[in-house]
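Following this line, the structures themselves.
You will see two complexes here that share subunit A, one where it goes with subunit B and one where it goes with subunit C.
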Partner chain A sequence: MPARADATSPWRSVLAPSWSLGRGADPLPTFVWPVASAVLLAAAWSLAAGRFDVTVFPSPLAVAREAMRMAADGTIWEHAGISAARLAAGFAIGGAVAVPVGLAMGLSPFFRRMMEPFTEFFRFIPAIAMVVFALIWFGIGEASKLFLIAYNAFFSIAMATEMGVARVERSRINAVLSLGGSRRDTALLVVLPSVVPYILQGMRIGMGRAFATIVSAEILAANAGLGYLIYSAREFSRMDTVVVAIVALGLLGLAADRAFVAIARRLYRHTLPEEFGP
Partner chain B sequence: MASAAAEFSGVSKAFTARGDAPAIENFDLRIEEGEFVCLLGPSGCGKTTALTLLAGFDRPSSGSVLHRGRPVAGPAADRGVVFQGDDSLMPWLTATENLLLGPRIRRVPLGEQRAIAERLLALVGLVGHGDKYPRELSGGMKQRIQIARVLANEPDMLLMDEPFAALDAQTRTHMQDELVRIWSEARPAVLFITHDVHEALILADRVVVMRAGPRSAVRTAFNVEAPRPRDRSDPRIAAAYGEIQRVMAEEFRRARQ
Partner chain C sequence: MIRARFVEMVLPYLLSVAIMLGLWQLAATQVNPLFFPRLETVWRSFWSLASGDLGAQILVSLARILAGFGIASLAAVPIGLLMGTVPAVHRLLGGPVDFFRFIPPIAMIVLAVAWFGASDVAIVFLIGFSTIFIVTINTEAGVLHVVRNRIRAAQMMGAGFWQVFWLVVLPSAIPHALIGMRIAMGAAFSTIVSAEMIAGDYGLGYLLQEARTTLRTGNIFVGIVLLGMLGIMTDRVFRFLIDRFGGEHAGSR
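Up next, the complex of A and B:
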């Protein structure tokens, strides 16, 4: 059986690292390109940074030094760990709400018509706009931060789920009905497995949105986390710290995405239908 | 009179959402128990509409559709449907899992399910392919799985909507022979839709030709007396072919007007 991520699979853009997506065969090993672009970026960055003060535009060397210091004394791990835990919890809450809501919207035209005005409106409102309400409603503790992350992850997951239900192959439902299946059987045997790849795709996008929320979530009433670090370091003009936190956030996101794809591939090797595209 | 396997009387079906003329109007057709009927007609003549009503996927606008004397209230396991393409197979299930959907829904014990799968894979000539997924099977193999999936329910009626239309000529001929063999064993009543005159003559006890749509109904019917398995070069088949082809050509012309 061909591997899922081979060049002809419609899955490759979902399941393969994005930098391996090329037209035609790539003669170089896959790690060459990201390394090359990182070196190029560092070179350009060094040149540019030489013209500014460290409090305006820190050089790669200054950032590397700061990264070493934060890694050695453990602060970066502590902040990253707290943000990761928050993201995981907020994402899980958002997904746990979004999947049933998306399924219900897809299955019930009534529910969809009732929900759509809200989903269509609020998905354009960024988490930062909701920070004040989050604090008033959920207090200064963890709940308000989880709310903001869940809020932002919710929309893409719910909408992808709803779209997945709408795209269920009609003849598969008819097949199950004419094999003696009930409505419940069609939901379990056809709709749910058909929707899985849409939910996974929505989750991947939702995870990106959750990450994009972390700074907003940790902007107020937080004393740890990468978002907090970015925001508080700014007040001391520690731009090197800001860059370290940004890089850590990006790497954390990349790792989370890779892990998510690897798990999805393992769990749904056969459940994922072939026709599903990016 | 004993009740027929299926009976359409005065059936009309209009798709009101589209506001068009009814696809079929005053459609009458009786299918006897164990009879193999091919419904033939130009595209857009409402063949599939008739099948959909008997399957129970849709309701007639007027008239009655009976299965063994009882009005069709919805889809049920006693009328197995073989769909045109292979979209109706679950791509996330293996061939065996696909063909066991009916028994699984009926909560047949697992040991019995294994026996059913073994018997049916042998019947449709797919021994050794049970663990493959649909995307790993050829078009002909996928249609056999669809047929096996329906047979697993032992329906008294088979509804087949151009099941071999997407296959290459060689595979199609082979599948027709296989279908005749399978049908001779189980003897369900069959409503088989096609626009291929030859296919109808190889398969059917009776070939029913529909008029061009809209407002289509049965134009005429031919009994095919030749014994099975039929030889495609049988002079009786050739003679019937000429006659049906002439009627079909007329309807095709009308369809284009």
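Up next, the complex of A and C:
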């Protein structure tokens, strides 16, 4: 019962409600919590895995062994590299189209209204639903996967860019104008720099969706990549391989997300939009 | 006045939709109707599907979403409240929850089928997996973002832990939970399509997959448009809820 945690107890700092005053310092060294958390997770996992066959629910040990094997013979690097390259290339294409479109939508109300019927409609369509058209239009090669990732990235980045333009402070634009700047100067000196963190935030949101899309696309139509690895392991009931690939996907996604945050922090130390969190 | 509003607001919409449909039809007649199904083919596909079991397919997909989303949200909100309230729980669960959020739900499909068989349960599980971490994290953020002065005011007037929790923390956390649910609903739609395409026997994703193997691009187009409309409708429901119960978050888009 958090409210009654004894005021003199060293545990007060972690058991008293997060909003209570004067909770004091954490009694444990900082590394203890992540370790405890990992041990808890591994214990729960082993307990669950112990009741099933390895072809249904592999234990942490079996997965660790498989991970070592896949890291040693290079399988995991190969498939992860292919998925990562697809994501990066698709993102670059989607972003290259989305940023100018988003800027134009933010700067010109007429253009925004022209585009809105599509951005407002198509962004609700899961990219993977387009897989069939992607395959018909671009064939079963790399181009169809790049199209799906680019399609995915386009909406997140274009919407975020448009929002960034809308949130540019009027006073900063007026300052440039009153100092004799042209409209082009305001776009280049004020709007573009202040939109970059929003673009990064849009990429962050889009990246999560892009991961889901690439996995589905690789399951449905590919012969390499982490999604393919997962689906092909199914045929031999190698659930340990499946879990290794899943964890690799999670780590890749986490790394991409942290990279966007780090870039945004570095570029905009004091003026990050609130979406980036504390 | 009305005319000016028409030119400003409605005309661009009509213009752009007309241009888009025109280009599509042009592509359909000039390039290849298999690549770009003609509009009249799409219309005919829609009616032939609608006279079949299209309604039932939509309902099955929606029921799966509702089950997985509902169960996961019911679990996620209490977990998020607990993580936001008790720092020890946050330190134990925060790391894993943050990591699992980055696993694409559809990557779990092989495990889900191994655990539950190729059944409704597996698909409901995947929807739940898409939902639970997003809603948990947003609910927790809601607790941590409660305005401190409101809590201090309540405490100053003698409120104990449970009074602060029920009267101050919970009402401030609900809008964040709703925002999380709105985001999670988008993820759930994406997951249901992939899951039904890969392992479904019925539903909108299955309809797309079936149209793919038989190369009926008209049907695919109908499926895509339906998904877009369903997505917009559910999103509007959450927008309404956030406007209604969202406090200071009302009106955000």
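In this section, the second predicted complex is superposed on the first by the 224 of 278 C-alpha atoms of A that agree within 3 Å, B and C clash if a C-alpha of one lies under 4 Å from a C-alpha of the other, contacts with A are read in each partner's own complex, and residues count from 1 in each chain.
FYI, a contact is a pair of C-beta atoms (placed from the backbone, for glycine too) under 8 Å apart; a residue touches a chain by one contact, two chains touch by 3 or more.
Please read all numbers here as calculations on a predicted model, not as lab measurements.
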Touching A:V176 in the superposition: subunit B (first), subunit C (second), both, neither? first
According to the stated criteria, A:P193 is in contact with first (subunit B), second (subunit C), both, or neither; which is it? first
Contact-wise, after the overlay, does A:V99 reach subunit B, subunit C, both or neither (first, second, both, neither)? neither
Kindly classify A:A160 by the partners it touches after superposition: subunit B alone (first), subunit C alone (second), both, or neither? neither
Please work out whether A:D185 is in contact with subunit B alone, subunit C alone, both, or neither, and reply first, second, both or neither. first
Using the superposition on chain A described above, determine whether A:V244 touches subunit B (first), subunit C (second), both, or neither. neither
Could you let me know whether more residues of subunit A are touched by subunit B or by subunit C? C
Between subunit B and subunit C, which residues of subunit A are contacted by each of them? 1
With touch defined as at the start, can you tell me which subunit C residues reach subunit A in the complex? 9, 12-13, 15-17, 20, 34-35, 84-88, 90-96, 98-100, 102-111, 113-115, 141, 143-144, 146, 148, 151, 160-162, 164-165, 169, 186-187, 189-191, 193-194, 197-198, 205, 208, 211-212, 217, 220, 223-224, 227-228, 231-232, 235
Seen from subunit B, its contact residues with subunit A in the complex are 55-57, 74-77, 79-81, 83, 85, 87-92, 94, 101-102, 105-106, 133, 135-136, 149-150, 153
Residue numbers on subunit A that touch subunit C, as the complex places them: 1-3, 11, 13-19, 23, 33-34, 36-38, 40-41, 55-57, 110, 113-118, 120-122, 124-133, 135-137, 208-209, 211-216, 219-220, 226-227, 230-231, 233-234, 237, 239, 242-243, 245-247, 249-251, 253-254, 257, 277
Of subunit A, residues touching subunit B in the complex: 1, 169, 171-172, 174-181, 185, 189-190, 193, 270-275
